[in-house]
């Protein structure tokens, strides 16, 4: 009979409507902004710079290598390197950014800057309620607003932050071991130079030079 | 996919269509996707052969691409006799540029492919005509229009050659390597000052908060 | 039809019952770029004789962002987020097609777990794309929102999966050359299995609602017929080609990735009309669920990216490559010419929606304006891909 298809469809729609009162799954709308949906951990919105410790500017991990600026697809990052250097967490002298601007109105949240950063310093924040009425420059974010503490990063992306901290700890340990080995090698070389040189005459028996300073014992 | 390799295709084409000029264009990265360079005058005949030959049956033209090869100069060190002494002299070789249309052909009936054809224009300035393969494969219609729009390659024999992505009154061809973009962008305060400076010439700069 | 393309369709001289000839004019309507049913900024210049379409010219380019030139100016990795924005409904298949083309060019090998993840995400993409298409098609037919909202309610579950894996709902940017960006988070596989188990209930409801509906059948059966010969010659691929009865599915033909390991059928249509295209997509959703069940069961442990792949300073070999795969809309392919530097020399997207539009006019001639809207809906275009 003509019309049975439509009738069946209407019965189904009615069932759907009535079941919204009984089944929570059928009613997928939540009342934003009173209720907010919890976002998954991997959710990414806009970039932020991480700093360690208390001081925002002194603890910034960024070394102004400008790799993120080059790789950013819409070219929304603008970096100016500083003229002087300072010591980073590994104990090496690095530059730091004098200017670090990101234009959030251009940024497309692709996360490529995070992937290519070799220093674990730029990460994705999860804040998206950033609307501003100022069209020109309202979403141009500077270093001060971009800097967020490591604690904040650990709160919003726990597993990622744990992996990042672990990677940094490994790098730090490697750098420390290298620095120690360098220091020992240097001390040895200095000691060898400080000891008296053997005489130039070919007949004289070669004397093993006595080190002026006792060689440091290797801990291994 | 038992499609013959490009050298074999070349011999088959030369046997079937006497006098045809076919050149194999090797592909160092993916040798299975090497292409055949054909002359525009014989392109339709070659295409019809490839479509009708019972072992090939290439009945779908999957992709038509325009490529711009600008004029380039190559500095080559050549051994030359200068004043009776053999010396290495740097010679500048000029390679004239051209525009190119690359066709990727597949067979739906026999589920094989791809066979890649290339057609080159004589130069980039005045003689930019190649043969259109739309009479053979209908799928080339919009794609050849796009190659015309973005590169300037004229396809002779195309039923409706006009711009497709840019508007009809647009001049110039955007995908060419020497295309200069117009600088009157809508004002956008990105941190990159060249865009800002070029835009300032067309719009008054509004107040930007520090 | 080839002669009629640039001429007007046969106009029958109209004769009144008493023998007098009626005069009339042809009306040229621009179904303009701002139109709720044209799936984006797409324009159709139709010439009408009453309600019958006499000539139809599609006009697009309103969303042209010159993606191909941007591709020439950015490195290979940085072009990956731009590929999301081509067919913005199915960003993961676009990513995979681009990764395929680059992997061909550079000879990277994808580990097994990454292949499984790629198949799972691509099939989920296909699922949500076909769901939204069914919703949109019904919306174009005037169903005023019910199927569309139901489709979107299910689609949200798939997008939740994408967000917990890749970080973004639509612009996923997940595939990398030689594998995937990151591994599956804990609990993702269980959530995916739950979705796959519950989806058939939604599909059953959808089919009960729609597939017996008389209005749907009357409006779509026999409308917009596409013959298989014209479809093949016009380069049409994807569900449109299969609805015309041509058995060409790249997952079976090219056997890229690990599709050979999965058992699934390819549904084919008989008539090539709008109803067939709609039913093909519904049937493909069932087949997709089959593939997902198998893949979610078989997925092994292991790395997710080729250890030889480099993030920074990636330079493939000199040469060119064409990589293609079966996207939800058709064959999406990437043609790359590399000159050994960090940026591609020529970066070309083979857009399925663009090429499927070639025969729009042929399908719409002789039918009414209302049919032209649904025929366009059944072609399933996304302007991001048509215009790039």
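Each chain gets a letter, A, B and C, in the order it is written, and its residues are counted from 1.
Just so we're on the same page, a residue touches a chain if its C-beta (ideal position, glycine included) is under 8 Å from a C-beta of that chain, and two chains touch if they have at least 3 such contacts.
As the structure is a prediction and not an experimental result, all values here were calculated from the model.
Asks: Which chain lies the greatest distance away from chain A when centres are computed from Cα atoms alone?
Replies: Centroid comparison gives B as the farthest chain from chain A.
Asks: If you tally contacting C-beta pairs, which comes out ahead, B-C or A-C? Let me know.
Replies: Result: the pair with more contacts is B-C.
Asks: So, comparing each chain's Cα centre against the centre of all protein Cα atoms, which one is closest?
Replies: Chain nearest the overall C-alpha centroid, as shown: C.
Asks: Report the inter-centroid distance (CA atoms only) between chain A and chain B in whole Å.
Replies: Here chain A and chain B have centroids separated by 42 Å.
Asks: Centroid of chain A to centroid of chain C, CA atoms only: how many Å?
Replies: For chain A versus chain C, the centre distance works out to 36 Å.
Asks: Would you kindly tell me how far, in whole Å, the mean C-alpha position of chain C lies from that of chain B?
Replies: 26
Asks: Residues touching two or more other chains, restricted to chain C: which are they?
Replies: none
Asks: Across the complex, what residues on chain A touch chain C?
Replies: 2-6, 8-9, 12-13, 16, 28, 39-44, 67, 71-73, 108-112, 115-116, 118, 124, 159
Asks: Taking the complex as given, what residues does chain C use to touch chain A?
Replies: Listed in rising order, the residues are 70, 74-75, 77-82, 84, 146, 150, 153, 156, 160, 163-168, 171, 173, 181-182, 185, 205, 208-210, 212-217, 311-312.
Asks: For chain C, which residues count as touching chain B in their complex?
Replies: Touching chain B from chain C are residues 2, 5-6, 60-61, 64, 66, 68-69, 104-107, 230, 232-237, 246, 248, 253, 316-322, 324, 331, 333, 335, 337-338, 346, 348, 350, 354-355, 357-359, 387.
Asks: For the complex, which residues does chain B have touching chain C?
Replies: Chain B residues touching chain C: 27-30, 33, 59-63, 65, 67-68, 102, 104, 108-109, 111, 114, 116, 137-143, 146, 150, 159-160, 163-167, 174-175, 179.
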